[in-house]
Structure formats: C-alpha cells, structure tokens
C-alpha cells in the first residue's frame, strides 16, 4: 500500500476555521484522535469539486460508519472571494444535501496572499484536495485533483485497519 | 414527431432580462427570427442544472452551428436570492466556461411573489427548464427537468428542418 | 443540418441477410419505404458496440414510435467468426433484451475476403456503424464509431420531419 | 470494517478449473498464500458482468501491484452453455484486453445440475460475484451483484494492511 499512503510520522497541522456550517463540527483535529479523518477541501464554484470531489465525499460519508471515519469539508476559497461567501456556501450545502460539517478556511488578512490559512499550512496546490489523517493524527495522504473511488477506498480501508493510539 | 414538439401557433413571450453576461446577447427574441433558439433556464446552485442541464446546453452549443441554432442561458432565480447575485453568476460562467450569452431574468418587485418575470410569463415550474423556439418565433417545446440528449437532439433536428418565415 | 445528414439521391443498397432473429423482421428495406430506418451494424464481441452502440440503439427504439422509425440490428461478423455464430447471437440478444429484429449479415463465401455481403455493399469500415435511411429509401447518414446521442437524435429528428414518397 | 469484510477462519475452497486462459495462471489458490487474491466470477454474456464487473476487475489490476494483489477471472457458465464455450471466451478476453488469467470453472457432469464445480463449492448465487481471499487463504468477502468501487477498494485496502502467514 506504499503508493496509496504516506508513512506515519507527519502530524496533520491544526485546522484554522473561521466558522463551521452543519451539525457535528469537531472542536479540533486533535479531538478526533482514534478515528480516521477525511478532509475534502473544495470551492463551491470549482467544477472539479462540484462534479467529482463533493459527490465522492458524500459517498464516503454514506459508506463508512461515523464512529470509524469522520468526513469534514473545508471551504478553501483562494479566488472569486466575493462570489463564495458564507451565504452562498450555506445555500450550496443545502441544495446539495451535504450531511457532514464544513469549515470555512480562515481567510488571509495579507492583501498580497489570497490563500486561506489552513490551505497554506498544508501547502495545498488547489481544489479539490483530499487529505486523510490516521487514528494517531498523522497526515497519511494528500492528493490534489480527481482521484478514483477505488484508490480512495483502498487508502481509507488500510487506515481503518490500523491500530489507534494507546489509551 | 408529435411527442417531441408542440404544434406551431403559440408565439414565445418576450425575454425580460435585467442584464446579459457574455458576448453575443440578442436585442430580443424577435431579432432571432429565422433561426432556432434554445433557452436553458437554470439556477447556478440547482444540482439538476449543474449536473445535467448546463453540460447539455454546452453540448448543444458545440454540436450545432450558431447560424442555425442560438443557445441562450436564462438565470431564473426564484430561491436563495442572496446567494445567486450577478457576481456569483459571473464567476460561475467563468469557471464553467459557458460560451453562450446568459440573461438574468428580471427579478420580481412584488414581495409576495419571488418568481422572476420571464419565468412567470412562460409559466415555468422550476429549473432546469429547456425552451425551444422555432424559426418563426413560436414556442414549440417547454420541458421541465432532466431530458435525454437524444430527445433534445431530435427536437432540435426537427425544428432545424422546418422552413423559416417568409423573407 | 448539412453536417448531420448527407444529401438525398443515393439509394440504400438492399440488406443481404442470412436469417433474422427476433420478431418484426422486414421483407426488405424497400418494404419500409415511408418510414425512417436506423440500421445498427455491430458484432457481439466488439466492446464499442456492447458499451455504446447497442445501448444507443435500444434508446432509439424506446424513444421513437415504431410507425415513424424502424430500428434494425445487423450482425456484421468480419472477425472471430467461430466465436460469433447464431447460437451466441441468440443468447446475446436474449441477455441484453434487444427488442428489435437483428439480421445476420450474409457471410462471404470468398475465402480471401471475410467481410460479409451487406457490410461490403455499404463499404463499412468496422463496427459499430450507424446507417440512417430516409422515407424515400435514400442513405442519408453513414457513421462509423461512437456517436453522441444528441447528434444521432438530431439526424433522426430531421429525417422524421421530411415528407415521405408520394403515395 | 466489519461491514466490508467477514471475519477470518473460513478457508477459501480450492478453484476447480478445466483450463486457464492468459498468462500467469496460478498452480492453485494455496500457492498464492501471502498475497491477497481477488476472484471475479463472470459469464461473458451477462450484462452486469460486461458493464460493471469486468471493467471493475480491470481497474483493480491497474491500481494495485501484482506482488500485493492477485486478480483472477473465473468463467462460471451456468446458462447458455452452447454460447459461451472456450473459443468465444478466448475472443472475448482478446477484444476486452483482459490482462489477468481467467480460469474456466469445471463444468458439471451431472445432467440435473448445470452449476459448474467451483461456483457450487462457493455457493455463488449468480454473476457477477466478487470473492476476496486474504493472505492466509481465508475467504473474507463474497459479494454477488454490482458493488461500488469505493467499497471494493476499502475491502482490498484493509486486507492488504493485514499481516501475512508466518514464514
């Protein structure tokens, strides 16, 4: 499974979120220790997100029990900021029946850098990006662009099979 | 072809548009007399539009010459008004590489009726809706919901085969 | 519609069929004068036929009334002759619920030329091939390979809109 | 992962194969101990196999290294026996570019029971059926019908993450 997962040892940076939409928002990534976490970073006007990433994240949510896999959305707006504010996102989540919590990535306050803070901390190259965090809190997969369901399933299946942190 | 087209004799109501985005906006429906016109009524947050109607309208534009078939978008916002303003629509058209003109259906100024004016004049039931207008300006097809490409193609093919108005 | 249809004036060659499977086999192409005829030439082991052409022909059959459009299959075996005999074809039609008649293109009796006779008379280049014959019996479209549903629909719609032969 | 995998402890019955087509046929299931084995049971005229199972098995082969995952086809003919003999299967594998070995399930010699022997030993209910065998030779998943790629990927990923037999 080397190709599907990075080795352990790289803790996932904290999520820097301006606010959460939807029920079930976590207090922090650290609070999810013991479960596998899938973070789907997207923009609501990004065609690759709308046509591939968001439906795939919904399939994840439907396929795996919540006690095993946490699915989080992260709205990482780095372009068209005026067009993708919270009201638009709220309507988008409603219309698309997104049943997992979605955090708004903390906007940059640096006029020269439009990249929001979590996106920057993870070094994301664009959207959609899928991040997988293991039961110990390590970032084990960081994938930019459309990925096949079978590969995503295999990575999640392998992470679920791993032991969690010591109690 | 009775099932695919309504009989002639019902002139298409005028389009009531607040403003047009994209190049090639028509002065009026009447100015397009002699060509077949496909009008794709949509909302940018409507999943059926994003996943079916908009891609289908793009295929129409690619398949038929502009001198034969005019393709127009009509943004008929009847819900989530705050989330689907002109700035969002402009970004949506850019991201989705929409190459045909899109009119913003004239918003209602009646607080008790959120349906925009063209949508109301045509009696549309929701989005996506596809309207086909023949060479003489008559409305020959009004279809709500997802339609198969073969049916849409057959209706357009039949209308293109009809003679236009007398010069 | 020039791109979608060839001009009239080229009579469709007769079908040379060893036997027909399924109900509703025509006596001849000539006997279908007055209706539009779609002929889907295929081989049951050809992936492009199985995945694209055959499902498309089924959609044609479901979409248009039989009094307007005749849909015929033509099994044009030009390779793997031992693997695609009548028993295999019969099982294939059963399993795929093909509801239109399918003719077995008359095998060649020339050891040096494995192309069956109708395929040869039409100059087909391979499978799948879609042939459209107008109400007067002229061949108006000959397309090799996968075609989009919208283009096929447009061609059929235009042919259906044409007048038939004088009574 | 309970829903995706059965518990260990049930050894996979031997494959009873009349002959193998394609390169890389295993001597036996037992000889594959230490690797995960996916067995795709199909019939070449079964639409669910042709449209879903076979393409999915091909994606498995492309996604996982051969040293980790063995993919085997098993042609389990239980109907239309005359139409799905070895010559037809050979042409089918060629046309569909199947790059993994396919065994012909040993036909029944009992006139009253058309079910071939491996299909019978596993208690398969029809085609397509996907079987997953773990590194120790236990049958961990037996699924009849179309399955989603994400579920198949997750099951394979979890099995790949398990330790193999002691050396």
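For clarity, chains are labelled A, B, C and D in written order, and residue numbers in each chain start from 1.
Note that in this section a residue touches a chain if its C-beta (ideal position, glycine included) is under 8 Å from a C-beta of that chain, and two chains touch if they have at least 3 such contacts.
Just so it is clear, the model here is predicted, and its values are computed rather than measured.
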item	value
Farthest chain (mean CA position) relative to subunit D	B
Recurring contact interface, reference C-D, options A-B, B-C or A-D [over half identical by residue number]	A-B
Centre distance in Å when subunit B and subunit D are each reduced to the mean of their C-alpha atoms	50
Between subunit D and subunit A, distance of the C-alpha-averaged centres to the nearest whole Å	34
Overlap residues in subunit D, where contacts from two or more other chains coincide	none
Pairwise touch network: line, ring, star, complete, or other	ring
Touching residues (chain side subunit B, partner subunit A) in the complex	45-47, 50-51, 80, 82-84, 87-88, 90-92, 94-96
Subunit C to subunit B touching residues, read off their complex	1, 3-4, 56, 59-60, 63-65, 68, 148-162
